[in-house]
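What follows is a group of structures, each given as structure tokens.
Paired with subunit B in one complex and with subunit C in the other, subunit A is shared by the two complexes that follow.
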Partner chain A sequence: MEVYSLKTIEDLKRLRDQVQAETRVRHESSKQIIVGMGTCGIAAGARDVMSAILDEIAKRKLEDITVRQTGCIGMCEKEVLVDIVLPGKPRITYGRVTAADVPKIIVEHVINGNLIKEMVVGKITE
Partner chain B sequence: MEHYRAHVLICAGTGCISSGSKKVEAALRDQIAQKGLEKEVKIVETGCHGFCEMGPLVIIYPEGVFYVRVQETDVAEIVEEHLYKGRIVERLLFKEHGSLEGIPSYKDIDFYKKQMRMVLGNCGHLDPEEINEYIAVGGYEALGKVLTTMKPQDVIDEVKKAGLRGRGGGGFPTGMKWGFTRNAAGEKKYVVCNADEGDPGAFMDRSVLEGDPHRVLEGMAVCAYAVGADEGYIYVRAEYPLAIKRLRIAIKQAEELGLIGDGIFGTDFNFHVKIKEGAGAFVCGEETALIASIEGQRGVPRSRPPFPAISGLWGKPTNINNVETFANVPQIITKGADWYASIGTERSKGTKVFALTGKINHTGLAEVPMGITMREIIFDIGGGIQGGKKFKAVQIGGPSGGCLPEQHLDLSVDYDSLLQVGAMMGSGGLVVMDESTCMVDISKFFLTFTQAESCGKCTPCREGTKRMLEILTRITEGQGKEGDIELLEVLAKNIKQTALCGLGQTAPNPVLSTLRYFRDEYEAHIKEKRCPAGACAGLAQYNITEACKGCGLCKKACPVNAISGETKAVHQIDQDKCIKCGACMAKCPFKAITKG
Partner chain C sequence: MRELSLHILDLVQNSIEAGANKVTLEIIEDIHTMDTLMIRVTDNGRGMDEATCKNVINPFVTTRTTRRVGLGLPLIHMSTERCQGYLTVTSTLGCGTVIEALYQHSHLDRPPLGNIVETIKSILIANPELYFSYCHTVDQTVFSLATQEIIEILGDLPLTQPDVLVWLDEYLTHNVMNLYNSRNLHGGV
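Showing the complex of A and B:
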């Protein structure tokens, strides 16, 4: 990051907002993306999906979002499974996700809030 | 920009470094690279979390999982299971004493539950070598607020209203002290941060400097504005190399951003900070000795008045506060005096950091609100006494303080109630003692320390503590005489009243408070030549009881052939030959040998 002198308290607050993104992972965020990382998930290509998700988040400079892993939930046939949790909405599980599907899921679901119906394999209302 | 989905916080405080956190960190970097996770997992070195007993500590976000006693050999499993697959490594979680269930989040651990971490709030949660992490949690906003919206006198009034008192030992009201320096005549004034932490067992200042150095710098800058100073010194002992390194980095980064320097935040306020490394003399924690040391003279105290607020460093008005005191300042400014004053007791506000050491299960740092009981600190936070032994006393306030016996465990911990029972807050060192600790021996230990650290300038301290130590040594070696206790009391009283500085004035405290609560132990040493705790080697006596089966193991174990007896008959120890090594007691399968 470029180093510059803070001339006013507004400069300090602007820098604060900017650097908060760097430590946001240590605080609760409202949105979650959860990737199935059981042996079945990994065998089906979960690592590539994970990398694609992180790339997409970085590219779009998304904030307030947590990426986590989970284990096998028994639906091994449908791996790679990716869950999206948005505040106040049911947890949606997408199946047979590939790295190529990731931009669509992020744009359509995470950003715009629209389900991609043909890929949904489950819905959990908590 | 890369998006890190996980942050691995590894404690790089002195405690965890000594238990191997640097090796763990190297292994983590290695394993993470091997798995190709370096672009998605960030490793952050933090300051001390306070739970040093359980180090090296590793916290993994976003889950906030708290791993304890992590060794190099555990790293591969953490990376494979947790970071790669998202599964918590159960066996590395903290378990409460006697429980088999691992606790994933540190917030649910008893050690942290009763704490109120304000001064230590950032320690362990941010990278102390990265100013942006401090700014991300609102750092330097207190400085911005005072410079742009408050007059210096307003700042002093706010600190007064908050009720902040000096955390270095004396407990003098901080706002009042600032007022003295502000009102002192003179253009040039100084602010000094006393980081010459020297009490045996105290390490809270070191941890704050290592874990959150910017908080201290910000507190100093606010103070400088309030008292009208433009230059500050941090007097830190050279034995704290990591604290010094992180302070240097912090000062440099703050200078680069213009948070320290000339015309801060576009105002006409200038502030520059220098570090002075102390050579490790305990007496330099005394403010006039500290000033002499910065000036390049011998670190010896001078008589006061004039106080440093009137004539301090280079003869100019100087405000000196302790590390923890400065670290309290930013939050008073940002959250307000009323908020701060709502924490604690009527005359002791806010929190205090205590260093838990001695025979306690959870050695470490704990920050608690004033007014909490000692029982809560030792048993709820500290996890009680090691090895299931019985609590005997706690030494509070280091070599200047006193001990508290069991009957005072429910006392409110604040400046005034501690003084009433013969102890003092001091810098906040707590040395916990169990039933096997001899109170005469412990007062000898503390007096040995103050005696060695006495600078020798004034006679009461130089000669008086020496004589007291001679008497104590004599008592612990079984050579105590009638009248020794009375002589100790007379010497103690005279030294307290006539010594030049705080070191001498408080040096007799451990002796006086142990005499107050454990006089019978002194008497047993002198009259019966017996150490009730069995700690004084010169007085220990091993005896074989009727439980002896005559197996002869002790006889074989004794290196000086002091044990005799027929097989299958009760054996005896020749006390003249016995060297009190305890080998017989360790060998006896029937617990037939007693020590007392």
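Showing the complex of A and C:
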């Protein structure tokens, strides 16, 4: 793989060409990760949790993950809240998430589909 | 909040909650002449009438339905007051809002700008429908970025594509660091 600097807009164009040239299977439904970013969430460290999530996606080269933010849902004392929605599965909310918990959530839940029961604060079935 | 970049994240979240699809962030650091740091967030959300505008710095005034307290604006307002600065809230109902926060740059109580790269990344990646532009000036040096530019290049590649994420991190880090030349950015200076 060609190694080049990743610091300019030109590099993005080259990267796009390279990635588009490779054959990738695009799945219809993607996995969703939603991080609470109200004032309470931000004060509790939501940005660092978001960064850790993005680092894991980059490191593990995970495709088709949608990352979103949401406002305050009222469980301020349980922030940082992270929701995981896997296609066809109920929406799971994890509470008191720290950046250190993120690798475990990604591997156990997002990749392998297993809940981390001790961190769950809510479950919504469609 | 420990870093101004966290307040910035909070202000942009407010704009998004107000229904904005276009948000501009300006950070103007005038270190050597005026000794000021200014943050301005402009949005095209639903705006506020004059009465709400005046009251919004009150912690017991909020559009949240989940709680009766909204601390975002009161907290940033307090941070400006500690640093010989001010916060202004200007808005037109139906058009949008401008929040402007000014600080004395060298003031000992001024929170560090902090990790602006992570704040920008968060905003860009989690809000792909948002037209966001970021313009950061430190004395005479300027760095600016607009989502339109990036999305035009990417086409249907999402920002969460792993290689794109790596590019975005390096692009932002490198260009923001250049603004300060040799000064260390991460870790909150």
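We adopt the following convention: the second predicted complex is superposed on the first by the 98 of 126 C-alpha atoms of A that agree within 3 Å, B and C clash if a C-alpha of one lies under 4 Å from a C-alpha of the other, contacts with A are read in each partner's own complex, and residues count from 1 in each chain.
Basically, a contact is a pair of C-beta atoms (placed from the backbone, for glycine too) under 8 Å apart; a residue touches a chain by one contact, two chains touch by 3 or more.
Keep in mind the model is a prediction, meaning the values are calculated, not measured.
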First (subunit B), second (subunit C), both or neither touched by A:Ile73: second
Partner chain in contact with A:Ala58 - subunit B first, subunit C second, else both or neither: both
First (subunit B), second (subunit C), both or neither touched by A:Arg16: both
Partner chain(s) touched by A:Met37 [first = subunit B, second = subunit C, both, neither]: both
Residues of subunit A that lie at the interface with subunit B and also at the interface with subunit C: 5-9, 12-13, 15-16, 19-20, 35, 37-38, 42, 50-51, 54, 57-58, 61-62, 66-69, 71
Complex interface listing, subunit B residues touching subunit A: 1-7, 9, 39-40, 42, 61-64, 84-87, 125-126, 132-133, 135-141, 144-145, 147-148, 256-259, 265-266
Subunit A to subunit B touching residues, read off their complex: 1, 3-9, 12-13, 15-16, 19-20, 22-23, 25-26, 29, 35, 37-38, 42, 50-51, 54-55, 57-58, 61-62, 66-71
List of subunit C residues in touch with subunit A within their complex: 1, 6, 9-10, 13, 16-17, 64, 66-67, 70-72, 75, 115, 118-119, 121-122, 125-127, 149-150, 153-155, 157-158, 160-167, 169-171, 174-175
Residues of subunit A touching subunit C in the complex: 5-9, 11-13, 15-16, 19-20, 35, 37-40, 42-43, 47-48, 50-51, 54, 57-63, 65-69, 71-74, 76
